[in-house]
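Heads up, the next two complexes both have chain A, just with different partners, chain B and then chain C.
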Partner chain A sequence: MTSSAGQAEAVVRGAGAIRARPRAVLTSRLGEYAGFGPVLLLFGGFFFAPLVLIVAYSFWQVIDYNVVQNWTLDNYRYFLSVPTYVRTFIATLWMTALATVLTIGIAFPFAYWLTRYVSRSWQRPLLLLVIIPFWTSYLLRVASWITILGEGGVVNRTLEALGLIHQPLSFLLYNRWAVIFVLVYLYFPFAALTLFSALERFDWNQLKAAMDLGAPPLTAIWRIMLPQIRPGVITAVIFVFIPILGEYLTPQLVGGVDGVMIGNLVVNFFVGAQYTRGAAIALLITAIAVAMLILFRRSLVLEQVYGR
Partner chain B sequence: MTLLERTMTRREALRAGLVGSVGLYIVACGGSTGGSSNAVTLNWITWNDHYMDDQLKAVHSSYQIDARVTLETDDSDGYLKIKQTKGQFDIASTDALWAPKFHSDGLTESFDISSIPASSQLYSVARDFPFWKDGSKTMGYPFGWSTIQIYYNPANVSPAPDSWHVLADSKYKGKVVAENQPTDLMAMAGLATGAKVPYGMTTDEIAKAKHFLQTCKPQFQKLVSQNSDVVKALADGSAWIGIENLGTDFRVKDAGGPTIKFVTPSEGTYGFIDCEQIVTASTNKDQFPKFINDMEQADWIAKNFIANGRPLFNEKAYKLLVDQGQKERADLLLYNKPEEALKMTLKGPSSNEQAYIDAFNEVFGA
Partner chain C sequence: MAAENADVVARHRRVVRAGLGAWAVLIYAFLFVPIALLMLFSFNANRYGTFPITGWTLHWYEEALSNYQIQDAVQTSLQVALEVTMISTVVGTAAAFPLVRSRLPFRGGIRASLTLPILIPGLLIGVALLSYFTNLFNLQLSIQTAVIGQAVYATPFVILVVASRLEGFDRLLERAASDLGADTWKRLRYIVLPLIGPAVVAGALFAFTLSLDEFIITLFLIGGHNTLPIYIYTQVKFGITPEVNAVATMLIAASLSVSLLAFATPALVRLARRRLATARSYMSAGRTA
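Here is the complex of A and B:
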């Protein structure tokens, strides 16, 4: 091959390489985003699109069992004008808030004890015990409380056998307190695991130092520990508060007529094919959840939560 | 370097993903057409007491017709699902006046009932329900029926009730249980307050019904999702009064509970007559007569009665039950009196469903 011919071939090859480069870059880029595809499909197709549909439904009407695309604010206007819904919303909010506070209040001392006083070899088995209820279905976990708290349940029978009562206690079930109690039981593992994760990375020497310098234990926890594990606490609050806000099954099973939450009324709309009313009220619940996420947005740094 | 140790290139990963996706698609398509080339799968939207698993297996093995069941919570649920999914369903189970609604809206179509040999086993009254007539054809194949009435524990409820107004008696605070069926409970309240058409109440009648439910609310302990929950509450004594369909007294007894009695309220009662309908958009309509004929044979219907305990329309099955020593139970559950089904207020679509649900929620909200 002469040098000129070689140069010519190199030029041709170079041109080919230049032409090929954008394709290679494109393929490379596509490859980089391939992993994002399934998530895009899942959340785009099965979350975002239905959400858009729910938003649209909430502004439509049902006439003679048909969803009619008459754009209106009537569904929202109706909820805000009927005291029952406002009362139910308020009841749902305080029940959710109380259940969240109690759950965190019980989970925090547990996580504190587990990380501070239990050896590492025992921490994992104890955490396993916390998540064991997840091995059974959610429905069974709730329904089992009927067997425990019902008039013919374990608690009443035990109290009767001990001679402490002569008539079964009926207030253990079918009221708001029963709902809150069962919700705390159900969501305890979420809070415990999140708080354990946060406390596990806490430098206990700081707490000791604070106490060495004269801070009472509770002050040391409040002033030194809590600010540092705040993202973990907020995550626990979010993990507990938001799912409880939309709860339907627990109030249905153990709440009775007196323990109704807003989710139960949403279900009635769907049972009665009033999809547009149901969509509007469901979006109001979502709005509260989103507002809460915005409220906590500044405090929630993922790196701190997951310890990167 | 072994195959497992070697790093997969991006091209290989994408290719593997593509092959996997195609494979999943093929499997999914295969699933929808059934495992065997001769087998037909019918999609059936129904209630869980319309079939038994053994029955479906037997029909499949004998006749190569498979049924893929989707459970519906109520007729309105079935109505919307069929409407939105077009030809996804082949058969729909519907109640009394819902069947004409499905039919008039073009969701289901009528058929010649005599083309199904099993129909000769039906009571004659069931073959000729006027509200299902469409000329010489019928809109649905009759299955079963039940009134909804008051069940009460005579040890706790005295005197014996004779009216829906017992639900408003504060003596029974927290002792009443019913299924959470908003439209039907509103219709019940309509009956109690003298509404002319309980499923088609006027605004004034709805207001009266709502007020009645408000006075009843303190007596309700819970609104449950299943008949079995009412049975359980009556059986364990936590509830004294239940609003349920025929056979609840037997089911409570079977559950180890006390003797429960029932009363048909003086204001009248409501209930369902249900049937199987052909979905208009189905691509397997020709399989409907064969499938129904196989499913509705007397021996299966008799078994269904024993399992679920409410009257069905297959007369031959009644005779089988008599032969099996079940006459007393069948007669107590009015199996031998299908004409009684026409005396109740028939379940159907509400003329103003939104107003019914709104009123119901306003009563049972916080």
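Here is the complex of A and C:
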């Protein structure tokens, strides 16, 4: 009784103290927010404003190479009315999904191995080794596969030298599968890094306990481990899926005519000064990306990955 | 029976372990073979940049280094990267403080909008800024428009890196400094900056390397200029020339040394500080004696 009265008194006194200096509190609050000033300018002026413009564009029209403010759904309608575009859109979705699944599927056993079977002192250097390709140019990592898989490339030259083939294999490059393959190569480090930082926090004793209690290893991984590292897995999925969805360079370099993705369409429209149609397609991709982000917003653990 | 079982389990474990180890070896090969081949072919006399190896040469390095376009592209890349690094480091570090420290309404929303530029496809930043600059403001595309686009992209990374360092920051240290009479500037100079300094440097290096490598935003915004990735893009559409391989090898060497430096810097600084402290204590010891 007395203690709660004392508490109440303290609270009242505290409130009085705050009320006594309203001006000081206000200025210090403003001072606290001052750090947002520059980012507000940069993002407000050069990110959100252009985004608003591009949304508006997608509902306007281009007449004689000029953007005219006629509000219309024509850009979206046009996109849906051309079968090639719709096919490209659908292909982009399944290519992205498949590349994501493959990337995560390849990276998970690797991250598992690194956290479970490698001694602590070696984990960091070995992880570093995975990230090193990141520091070599993105463009060159894509292009290097032309050197390897192309008609005069390493694979064909080697097979020819061994006498296994007499004509270069042409199915290695310039199709959807080549694009998916190179995408997996490109985005593997993202996935490995994210999954590693999730597994690093996992308590392995729980897995052992589950297996001691008779769970087969895969069941233990599925039922005990996965639910706990779910945020990490989802972050990895998002980090791989979204950039691939908007990928331009990889299909451009190794996709040929058959491997076109939606990003290539966007670029072609903008290069051809059809801004409003390009905007509509770009927004279609963005809508998917944003929907994913909203759906999984609680599971996104960016700091865990980058804040190290 | 139980012992037999344990035997089976142990053998099973060894198999899994070996299998996963082999998997990891395959992955490292997958990651490094393309890069190794690029480097190998940069020394190959074969002008088509492929097998067979017809002889060893440094000719492609001479060509690359004396190529005016490459020199120009490198210079542009460095200029852009330096400007982007300065903008993103200042803007990102400043934003990290209120993001972590003030009582924010809609914190989740603010955090999301600050990281949005890296969560949506970069393509969108490129086309949106292109329309914005050229159609809305009738601006000429230039190095500066590319800098702005890249800064938008690099800043969230700086925010993330610095913010996560600030999260683990013990505010009592500042409170203590304040109680001991330090003003805001002194707290910043002697308490906050030394503690978050490494994160700021890491963020800056992150921004620098991101900028050097950025392709899609730059492609839309740089107009008639070339950064190194844009130049390489114009060259490799139909395969890589040995000259580009030489550039690639030098690029890899450069970014590796920068990254190693980034990793070594905290250790080096610590070492230097310790040496300095020891030297000082010796000196003061000498003086008292």
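In the analysis below, the second predicted complex is superposed on the first by the 270 of 308 C-alpha atoms of A that agree within 3 Å, B and C clash if a C-alpha of one lies under 4 Å from a C-alpha of the other, contacts with A are read in each partner's own complex, and residues count from 1 in each chain.
Just so we're on the same page, a residue touches a chain if its C-beta (ideal position, glycine included) is under 8 Å from a C-beta of that chain, and two chains touch if they have at least 3 such contacts.
From a predicted model like this one, the values you see are computed outputs, not experimental measurements.
S.K.: Which of the two partners, first being chain B and second being chain C, lies in contact with A:Tyr65: first, second, both, or neither?
M.R.: first
S.K.: Figure out whether A:Tyr248 sits in contact with chain B (first) or chain C (second), or with both, or with neither.
M.R.: second
S.K.: Which holds for A:Tyr174: it touches chain B only (first), chain C only (second), both, or neither?
M.R.: Only chain B; A:Tyr174 stays clear of chain C.
S.K.: Output check: A:Tyr33 vs chain B and chain C. Expected answer is one of first, second, both, neither. What do you get?
M.R.: Touch partner of A:Tyr33: chain C, not chain B.
S.K.: Is A:Val290 in contact with chain B, with chain C, with both, or with neither (first, second, both, neither)?
M.R.: second
S.K.: For A:Gly256 in the superposed arrangement: first (chain B), second (chain C), both or neither?
M.R.: After superposing on A, A:Gly256 lies in contact with chain B but is clear of chain C.
S.K.: Mind telling me which of the two, chain B or chain C, contacts the most residues of chain A?
M.R.: If we count touched residues of chain A for both partners, the winner is C.
S.K.: For A:Leu80, using the defined touch cut-off, is the partner it touches chain B, chain C, both, or neither? Pick first, second, both or neither.
M.R.: Once the two structures are laid over each other on A, A:Leu80 reaches no partner at all.
S.K.: Looking at the overlay, what does A:Ala91 touch: chain B (first), chain C (second), both, or neither?
M.R.: A:Ala91 contacts chain B only, not chain C.
S.K.: Examine A:Gly152 and indicate which partner it touches, taking first as chain B and second as chain C; both and neither are also allowed.
M.R.: Once the two structures are laid over each other on A, A:Gly152 reaches both partners.
S.K.: Could you list which residues of chain A make contact with chain B in one structure and with chain C in the other?
M.R.: Overlap of chain B and chain C footprints on chain A: residues 34, 150, 152, 275.
S.K.: Flag every residue of chain B that touches chain A in the complex, lowest number first.
M.R.: Per the touch definition, chain B meets chain A at residues 10, 13-14, 17, 73-74, 76-77, 79-80, 83, 101, 174, 180-183, 217, 220-225, 236-238, 349, 353-354, 356-358, 360-366.
S.K.: For the complex, which residues does chain C have touching chain A?
M.R.: Those residues of chain C that touch chain A are 16-17, 20-21, 23-24, 27-28, 30-35, 37-38, 41, 48-52, 87, 90-92, 94-99, 101-102, 108, 112-117, 119-125, 127-132, 135-136, 148-149, 151-152, 155, 157, 159-161, 163-165, 167, 209, 213, 215-216, 220, 228-229, 232-233, 236-237, 239-240, 244, 248, 251-252, 255-256, 258-259, 263.
S.K.: Could you pull out which chain A residues touch chain B in their complex?
M.R.: Within the complex, chain A touches chain B at residues 31, 34, 62, 65-66, 78, 82, 84-85, 87-88, 90-92, 150-152, 170, 174, 252, 255-257, 260, 264-265, 268-269, 271-275, 277.
S.K.: Can you list the chain A residues touching chain C in their complex?
M.R.: Per the touch definition, chain A meets chain C at residues 29, 32-39, 42-43, 46-51, 53-54, 57, 67, 106, 109-110, 112-114, 116-117, 128-130, 132-133, 135-141, 143-148, 150, 152-154, 157-158, 161, 185, 188-189, 217, 238, 242-243, 245-249, 253, 263, 266-267, 270, 275, 278-279, 282-283, 285-286, 289-290, 293, 297, 302-303, 306-308.
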